[in-house]
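In the two complexes that follow, chain A is the common piece, with chain B as its partner first and chain C second.
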Partner chain A sequence: MDMVSMGLLAAMGALATIAGASEDLESDVGSQSNPNSQVQLAAQVGHTHRIYNKAISGEPPSNALYAALAAVTASVLMSDAYGMNAFFSIAVGSLVAAVFNGILSMTSYMGRNTSQARFNQYVYLDVLRSHTTTIMAHAYITAFCVVAISYIMTAPWLPIQHPFPLPVIAFTWGIALGAIGSSTGDVHYGAEREFQQYPFGAGLNAANSGDIVTKGEAGLRSSIDNAWFCAKFGGPVTGLAFGLIVFLDNWRTTIFDPATQGWYAIATGVLIVVLLNVYNRILEVRSKKRYGPYPEYAGDIKA
Partner chain B sequence: MSTFDASTLIYIIQIVIGGLLVGIGVHFVPVGGAPAAMAQATGVGTGTVQLATGSGLTGLISAGLMMSVTDNILLIVLSGAVGAMIMMDVTMIVGNWVYIYGVGVPPVAAKVDYDPITKDPQPPYIGPGTVGHGVPTVSYVSGTIGGLMGGAGGSLIYYALMNINGVSGLSAFFAIGIFVVNAVIASYNIQGTIEGFHDPKFKRIPRAVQACFIATLIIGIFAVLIHGGA
Partner chain C sequence: MSVAAGGGESKIDKTKLTMYGLGGGILGIYLAHVLNMITGTGYFSFLAGLGAIAAIVMGADAVRRVCAYGIGTGVPSIGMMAMGMGLVAAWFGLAVAGIAGPIIGIAIAMGFGYFVGMLANKIIKMNIPVMEEVLMSLGGAGAVVIIALSVVVSGQIGYEDMLNDVVLTGFIAVVFIAGALAILQPFNANLGPDETQDRTLVHAVSTGGLAMFAAGIGSLITVGVGGAVLTMLIAAAIWLKAFLWYFKLVKRDSAGVVGTGLLAEGGL
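What follows is the complex of A and B.
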């Protein structure tokens, strides 16, 4: 372990944290992941809305696409044929990814909303104008950070020297990042923000499906309002999740040289896993103690 | 053109074992799909394939780094397994943060009355109109096992392919492909949602083993031929 490696590891962790947060907020502004099922249902049960609606695909494949696109463009620009500096290559690559994101988002929004015309759901051009650029901006940050992490892992003049080519490693991190964003931050949007009119401390009752909040603090609620709310908790914790994964996974192989101390690296990983299992148990016990059983419960099993 | 010898057979067997590990591992991953994203079902609020692939590929990155410095199969496979477990565990922990602090629901399993590991009663903590929420202890442990098997399986496939062609990018991409095929087959088997090894759907594993075996065998033969001839 040397100081340069530790510094790079810290930079990767920080970049991953930003990438995680921006990825989650991008999916919240666009309403991309699983919570979008409620947005699509809303118009059908009589709640027309001004929420952006872009379920392009699952988050992992779409983020893998953006990251790989940015990385391929950056690789080409960095190659001997063009010889562009790495920083600007990644910036241009991320721009290409953001443009692709914008095209997919717009077609997705227009396609989905026009298909719901029979439920009086409109295509709002002002929503399209204001939200698409916000989504693209978040996608740009995400792609930039993911490709920067991948570049740090693969650049020939840096110490980590991962064997995968830049686009493959960016693709892989893109899939992992999408999986994390879909699993963590989106729950804050789907379970809390979309159904804020129901009391805090309950999941969505199946009977209330599609009854999403359509009115804002002033006027009608837009998806940018949703990102504002999710930026307070869902986004940052998603960033923390991705940052922790990138940091912990690479930390073990930074403090222990995989060539000579591979077993120590694996043992450290196992120790981290055991500690996380214990921590989850503590979380579960504390939450059940704090919240107590539901008053509506009428069964025989004692809490 | 490559020749079909004993070592080729061993690589195909390794790919098939890797594929089976992935297929079985996916059954352990607690995912609730779209309902879980609205705290309406137990498990992580995403798709089976998405989470399993995310963790398996994080393991692949660890395994790839390890394989660049050693030939020890055990080190490579375990490195992949540990990387996948870390990804899975951190994701489930942060998912639980969101359920507990963001939505205000405790983690609870709905398919059993008592948690098989901790013996805690579950039904009193299930929100009205939902079928559980969050990742309780039994699902968490199950998810960790799923990460272990998925990461190990992906790494084993990568190891076999790397031994054939020695090109890491190509091997990684083929490994990702074989991984996703098995994850999707397993996902069909559990129809999108499962709480973990205590879920009745878990008993469907034999069907997934058969399907994954056939699929991976066919892909494995082609993968070895394509890579050997490349």
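What follows is the complex of A and C.
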């Protein structure tokens, strides 16, 4: 393990942390993934709203698209035929991805709200203008970081030299990032921010589906308010999760040469998973002991 | 599963859509191949892109039909499944059948879809009446889209060349995911009790334009600048036309498209 590999590893971890945070905030501004069904239901249970509602499939496929598209554009520009510098190629690729994101977001917002016409849900053009650009900006950062990680893994002049082509690596990281954003950060928005009128940490009771907060501190709540809230915890924690995954996964193949010490790398991976599981279990038990059952909890209900 | 996935009545018949989707797709693929071969250029690759759009419209309608049974969060999954079936069958067809590869691939994908649908209904007992027929359409649409977008990138049908231009360059990633999103996004974005078929299908044309544009970017280093730029320009024009048409339909169908304002009656 040389100093260059260690430095690249640190850079990848840092890029992944930024990508995770921006990906989660991007999905929060647009209420993508699981908080989306609550926004979708809100109008149906009588709460029309001015919240951005984009459903570009789940987060994993949509982020796979942005990452793969940015990577394809970057690898075309970087090829011998065009010979553009890697940094600028990735920047242009991310721009293309952000534009695709903006287009898909706009049509989702318009389509979903239009399909709630019988519940008097309007399509607000000012929401579209102000939020789409915010979403695109976050998507740009995400795509740039993911493609940069993939480039570090595949570039012929850097030590890792992964055998897969750049777009395929970016595609895979895009899916991983979307899955982590969906499972880690969305809880903060979907279960807490949308249901702020219920006790903190109470989870989502099925009977409260769609009963989301649609009013802000002053006036009506906008999705940019939601990004502001999620930037305090949900976004950073997603970044930390994705950063750790990229860092730890590459760390084990950096300290052990995959060609000659493959089994050590695999064993280290298994050890990390076991340790994290034990840590999670301890955390769960301690939280339950410290904070106890919710005030209204009255024991298990017999079937 | 989201409540009230919805889906209004179908004005355009599914048989007609399937016919146009498969026919248009196969015609586009072969025309692009033959005209590129005859002229020795890559200028006609865009024809395969047009074929892909036809198949995307057919696929989007199939997603719409099956998802009207209340599959909400399953919309992306079913799109991925379509492309998965299409990908395996399409590349198998191309590998074994040479110039007849696309037709063999599409036929296998449709058989594959029918079989998966039968498993879903008979073994898992989902009991969705249209499952077999819809998965057959989706498998076919997936295969056409994969082959057509791959032909946009490589400019011709030839297993070796397609492998070099599409798979080894990694462009298959964007062919797969842009094609999948183009099929699943139209219904997913318009899901709700007041969804209408024409709005969803016009949206499918616009996402098809985007997928064609994405494949066009890849073709910049495979078929050459002329053919790639032509593909991208035509894709952008199709997208723009479809997007404006879609916006018109949004204005027709929605409770109101307003510049700004408070909530409608009953919201406050």
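Criterion: the second predicted complex is superposed on the first by the 293 of 303 C-alpha atoms of A that agree within 3 Å, B and C clash if a C-alpha of one lies under 4 Å from a C-alpha of the other, contacts with A are read in each partner's own complex, and residues count from 1 in each chain.
One rule holds for everything that comes next: a contact is a pair of C-beta atoms (placed from the backbone, for glycine too) under 8 Å apart; a residue touches a chain by one contact, two chains touch by 3 or more.
Note that the structure is a prediction, hence the values are computed from the model and not measured.
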| item | value |
| --- | --- |
| Partner chain(s) touched by A:V273 [first = chain B, second = chain C, both, neither] | first |
| Partner chain(s) touched by A:Q161 [first = chain B, second = chain C, both, neither] | first |
| Partner chain(s) touched by A:V147 [first = chain B, second = chain C, both, neither] | neither |
| Partner chain in contact with A:R118 - chain B first, chain C second, else both or neither | second |
| Which superposed partner A:I180 touches (first chain B, second chain C, both, neither) | first |
| Chain B versus chain C as contact partner of A:E194, first or second or both or neither | first |
| Dominant contact partner of chain A by residue count, chain C or chain B | B |
| Chain B versus chain C as contact partner of A:A74, first or second or both or neither | neither |
| Chain B versus chain C as contact partner of A:M136, first or second or both or neither | neither |
| Which superposed partner A:L204 touches (first chain B, second chain C, both, neither) | first |
| Doubly contacted residues of chain A, that is, touched by chain B and again by chain C | 37, 58, 164-165, 168-169, 171 |
| Residues of chain C touching chain A in the complex | 2-4, 6, 72-73, 75-76, 79-80, 168-174, 176-178, 180-181, 184-185, 188-195, 199, 203, 206-207, 210, 214, 217-218, 220-221, 239, 243, 246-247, 250, 253-267 |
| Chain B-facing residues of chain A, complex | 33-35, 37-38, 58-60, 160-165, 168-169, 171-173, 175-180, 182-188, 190-192, 194-195, 200-208, 233-234, 237-238, 240-241, 244-245, 248-249, 252-253, 258-259, 262-263, 265-266, 269-270, 272-273, 276-277, 279-281, 283-284, 287-288, 291, 293-294, 296-297, 299, 301-303 |
| Chain A partner contacts - residues on chain B that touch it in the complex | 33-40, 44-47, 49-51, 53-55, 57-58, 60-62, 64-70, 72, 75, 78-79, 82-83, 85-87, 89-108, 113-114, 118, 120-130, 133-137, 140-141, 144, 168-169, 172-173, 176 |
| Interfacial residue positions of chain A with respect to chain C in the complex | 37, 40-41, 44, 46-50, 54-58, 61-62, 64-65, 68-69, 71-73, 75-76, 79, 81-82, 96, 100, 103-104, 107-108, 110-126, 164-171, 209, 214, 220 |
